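Below are two complexes that have subunit A in common, paired first with subunit B and then with subunit C.
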Partner chain A sequence: MSVVLEDVGFTYPGTPVGVENISLTIGAGEFVAVIGPSGCGKTTVLKLIAGFLTPDRGRILLDGEDATRLPTRRRELGIVFQNYALFPHMSVADNVAYPLKLRGVPAAERRARALAAVDMVGLSAFAGRRPPQLSGGQQQRVALARALVFQPKALLLDEPLSALDAARRVEMRDEIRRLQQAHGIATLHITHDQEEALSMADKVVVMAQGRILQAGTPTEIYERPASPTVAAFVGQSNLWTGRVRDERHVDTPIGPLRADLAGFAPGSEVCVLVRPERVATGPSADGTNQFSGSIVRDRFLGSLRRFDLSIGDGTVTVETKETSRTDTIHIAETSIQILPLDAGQHPSETRKQ
Partner chain B sequence: MSRASAPSQTFLLASLATPGAICLGLFFLAPLAIVGVESLQDGGGGFSRLFAQPAFWSGLRNTIVLGITAGLISVAVGSLVAWHLAQIGERMRTALMFVIALPLTFSGLVVAYGFILGFGRAGFFTLTLEKLFGVDPAGFAAFVYSPQGLAFVYSYYLIPRVVMLMVPVLVNFDRNQLAAAESLGAGRLRAIADVLVPQVFPAALVAFCLVAAVAIGAYGTALALVGSQVNILPLQLFTAVSDVNADYARTAALAMILTLLCSLAMAVGEAVAVRSEVGKGH
Partner chain C sequence: MAGGGLAIDGGARASALRSPAAWVTILYALYLILPIALLVVGSFGNVWSNTLLPAGFTGRWYVQVFNDPSFTRAFWTSLTVCVATVAGCVIIGAPLAYAVFRAASRGVKLAARIVYLLPIAAPAVVIGFGYLLLFSREATPWLGATWLLIAGHIVFCLPYMLQTVVSDMRLLNLAQLEQAAESLGASFPRRFVDIVLPSLRHSLAAGSITVAALSIGEFQLTNLIAGFANRTYPIVLLQAFYGATGFACAATVILLALALAASATSALTAKGASGTVRTAA
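Moving on, here comes the complex of A and B:
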């Protein structure tokens, strides 16, 4: 079962807000995470797939069939809402049995299947309780069981972990992935948490201002971002505006860097990306791309340390496991990525912390 | 709070409650007790004489029918108004609720005269309907002066009460639940029936009990509108206390029956409210 969006566009009536040119495929058993800043249109995409909104343009295919104008109730999609949207007047078992009841499943079979689904999410002991009597994590499990019990064509998750505390969130990531893989179901996961997206998804889609900026595997998105915006949104990054000096050198606020600038015309402005964990502490063997500065900010993050080094007119963020303070760093050529500037953008030392 | 301050806190709370307690005692418990004692004079003969009158029983039936009819109309209309209010912006909702609550400040007599001016034989709406559609003014106005018309008029100031009770419930209702039900396979009406109605029903029942109790006990509007043409217990009571030769024991018994009816309706509402709170399992 797959979900395909073909050049879908939607504008909220009376506003310029919406999504444009959304083309996306969620293959059978694939887990796709959509990330982006608030208001980028990621929830709109989910609502379009769910049928809560109807596209102005383009087509939505569910399992190969045009579902663009199909009512929500006929789409056979399991949806987990941000606040779970459980029915507080029904028990856990009745909540999970509800979609089966709507499909005319006989009472005995309905109950058996609902209890099996409740058991699948480890809540057998809570089957008779009502949602308000459960913790956030338990409610989330019930919502998952309810969304999966009728074997939907696809699973849509609308920021389901955002209401949980940090520890529970990490635990539920694994739980959701386990259930998704066990059912082999195409899944769309909407989140603003890049770490969540990178750790769970087979494919990550980055959105901004109603458009898809880049789609790819988590490694592709992180290692080879298509634009400074993607680089800034996904992971920590040092982003500097640089001017190409020649094929081997670029001038940046921290000083000239030796890098591979093939394809960029001398004198043109580019965006220079270096991930903080790719910045090495101490001097380099031959002095290439070696800089010294003063530490302006130092943060202990448990397993590693992140500090900002003021160098020239810029700042370099460094992540290291070393605990000793150092004011000298070097950047390997292979750790430097040159990106074209976003249209209309002049990041001039844009950094995402 | 320290232990040492507990007695002074208790004293403060008692001081604050005292004026209310005095008012409750002087203007509710004492008169009720006096009427109760009066009704039991000559060994409860007042009740016997009351129950022996066919007019009492028809009045009781009419009063209950009026309470239920006015309650149902008010809950139906009030719930729809509340549903609409729950869906609009907060500022507009606040403004509209202010307007809707205005009838609560009117006396029953004012409401009655307002309806006479609007729907009486020479009322604005009656004459407009006659001009536009040739509706007979006498026939149309007769409706306002009937028991059904009385229920209609009562709804004028009962609907705001329902709206006030239902709006918070509907505002707090998570509409994602309806979206969830639809995504699970329910049509819009089925989602409303399975998800919304069970959750707002207790509040609607509480509102019904409250407005039914108000309708059962109200007499000002009825008196101004229909005089003694409609046989309901509040008007029987008014006629009895206005009579200098009244049978006070029988009148007190009538008052107690009316109090019992209203209290019963309120008690059912309270029981439903408590049960609903317990059922939520918080």
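Moving on, here comes the complex of A and C:
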């Protein structure tokens, strides 16, 4: 039970908008999250897999078989929509039983299976209700039960949590992951919430402007971003444009940094990435990469404090568990990553607060 | 404290009555209701000439209307035309609304807008004269046929049905409900019967009320294309005003009752019919 996209391309008729060179594998039981800013093409990818759109180029394989031009209703995919798309004139149980009814399952059996699926998402008490009588979170659970009850080949989730309030959202992350693992089903999850993607997925795919920028485990994406755009989109980051001085030094807006610049030509421009939690407070042992400045913003986040320090012509964002104020920080060499600049893009434009 | 609360309430009510909006509303409501109330009073009044209100109570005007064959025949003609028009508008309107809703191309959308707006924008008299010209020829001698009358009413009423149903489709996000059904394995005919029609039961009912009311009261078009044998109630009613005031009032009150009953019945029927299409698990 796998989904494979081979070099898929699609352009919306009459526009330059679409996706290009999309190659992606969702293995059996694997949970893949696609993230990117709105308009990056992530929903287009879902629609192509679902069959709501047909690729102009490339192939889509379901379970190893070419499904590029297969109609949606023969693809056997469970889809959960952002706005739930429950049938308002049917009860919860009837909604969940509907795919079984379409498959000719006898009435008694489909009722039993539907009720079991409703029970699985913890809504037994609501089986007889109509969707408009349920809360957003409850409706989303019904949508999940309906998408899973007919044992589809894969599960496609189209921003399923974006219509929920913050508290519900975190709860539903665990619920979706639990159901996905219980069914061992290949899952594609579309989201614009990078934290959601990192916390739920086995594999994260970052998209921008219709292309895949990077695909990898959440740790890989976070620890070793391939480009400043990925670094900026995933997690908090300090991104500075630097000029390489020599193999050991780079000049940045906050001052010269000691770092490993092997492979970068002296005089060339690079992007310097330091994650805020990798910035250490207080002076360093030998004064290397040690800076002092003035605090321009200070945010209390409960378990953490995040503050911005104005140093030289730049700003350093720091995350720390310490509660005492400090205006001196240092950055270990191992905490610094040097990335090539994105073509035509200045890192300050991609910097995310 | 309760007394204080009441005093404040009373003050609020008094100030509400001082607002110009309240007075406009009250005056307008009187303006709407007064003629109808006068009709009802007049229909039960024995004698009514040159006085503010009629004198004496009687039911004889109603008896006279019921005993007049031209009125009873017109009553049944109106009812038949109304029922057929509502049925026609539902049967044609549901698929047509769906086609308009799903139409992707701009050309189709423009054509749909014309279909929508033309019968509303063009005076019924214009449509009626068109029918007069078209259906009084040797090859098409159908003027005066009841089915033609029904067809005319459908053309006149359909835009109102379409408007109601299409806006409901947008509101329900029907396109996504269909995508969901499709992903669950439903073919187009299954989706249409299982999802589309039952989802639209409320707007089909609402549209039917409008259509029934329009069809019962339609005068301009009907006056031009109805034959002598199938004149509808409003056409016959016009003659009543040449006779006794009480008789005219009673005949008009019956039309009002007929319109209200037709609207209520068609709404319930449309809702019930699309509801039974729904399939239970």
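Just so we're on the same page, the second predicted complex is superposed on the first by the 350 of 353 C-alpha atoms of A that agree within 3 Å, B and C clash if a C-alpha of one lies under 4 Å from a C-alpha of the other, contacts with A are read in each partner's own complex, and residues count from 1 in each chain.
In the analysis below, a contact is a pair of C-beta atoms (placed from the backbone, for glycine too) under 8 Å apart; a residue touches a chain by one contact, two chains touch by 3 or more.
Computed from a prediction, not measured in an experiment: that's the story for all the values here.
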item	value
Subunit A as common anchor, with subunit B and subunit C clashing or fitting	clash
Touched partner set for A:F150, first subunit B, second subunit C, both or neither	both
Touching partner for A:A50 - first (subunit B), second (subunit C), both, neither	both
First, second, both or neither for A:H330, with subunit B first and subunit C second	neither
Subunit B versus subunit C as contact partner of A:I79, first or second or both or neither	both
First, second, both or neither for A:P88, with subunit B first and subunit C second	both
Touching partner for A:R129 - first (subunit B), second (subunit C), both, neither	first
Contacts of A:R103 with subunit B and subunit C, given as first, second, both or neither	both
Overlapping contact positions on subunit A, where the subunit C interface meets the subunit B interface	50, 52, 72-73, 75-79, 81, 83, 85-89, 98-99, 102-103, 146, 150
Partner subunit A, residues of subunit B touching it in the complex	174, 176-177, 179-187, 190, 194-195, 198-199, 279-282
Subunit C partner contacts - residues on subunit A that touch it in the complex	50, 52, 72-79, 81, 83, 85-91, 93-94, 97-103, 107, 110-111, 114, 146-147, 150
Residue ranges of subunit A touching subunit B (in the complex, touch as defined)	50-52, 71-73, 75-79, 81-83, 85-89, 98-99, 102-103, 129-130, 132-133, 146, 150
Subunit C to subunit A touching residues, read off their complex	172-173, 176-177, 179-187, 190, 194-195, 198-199, 201, 275, 278-281
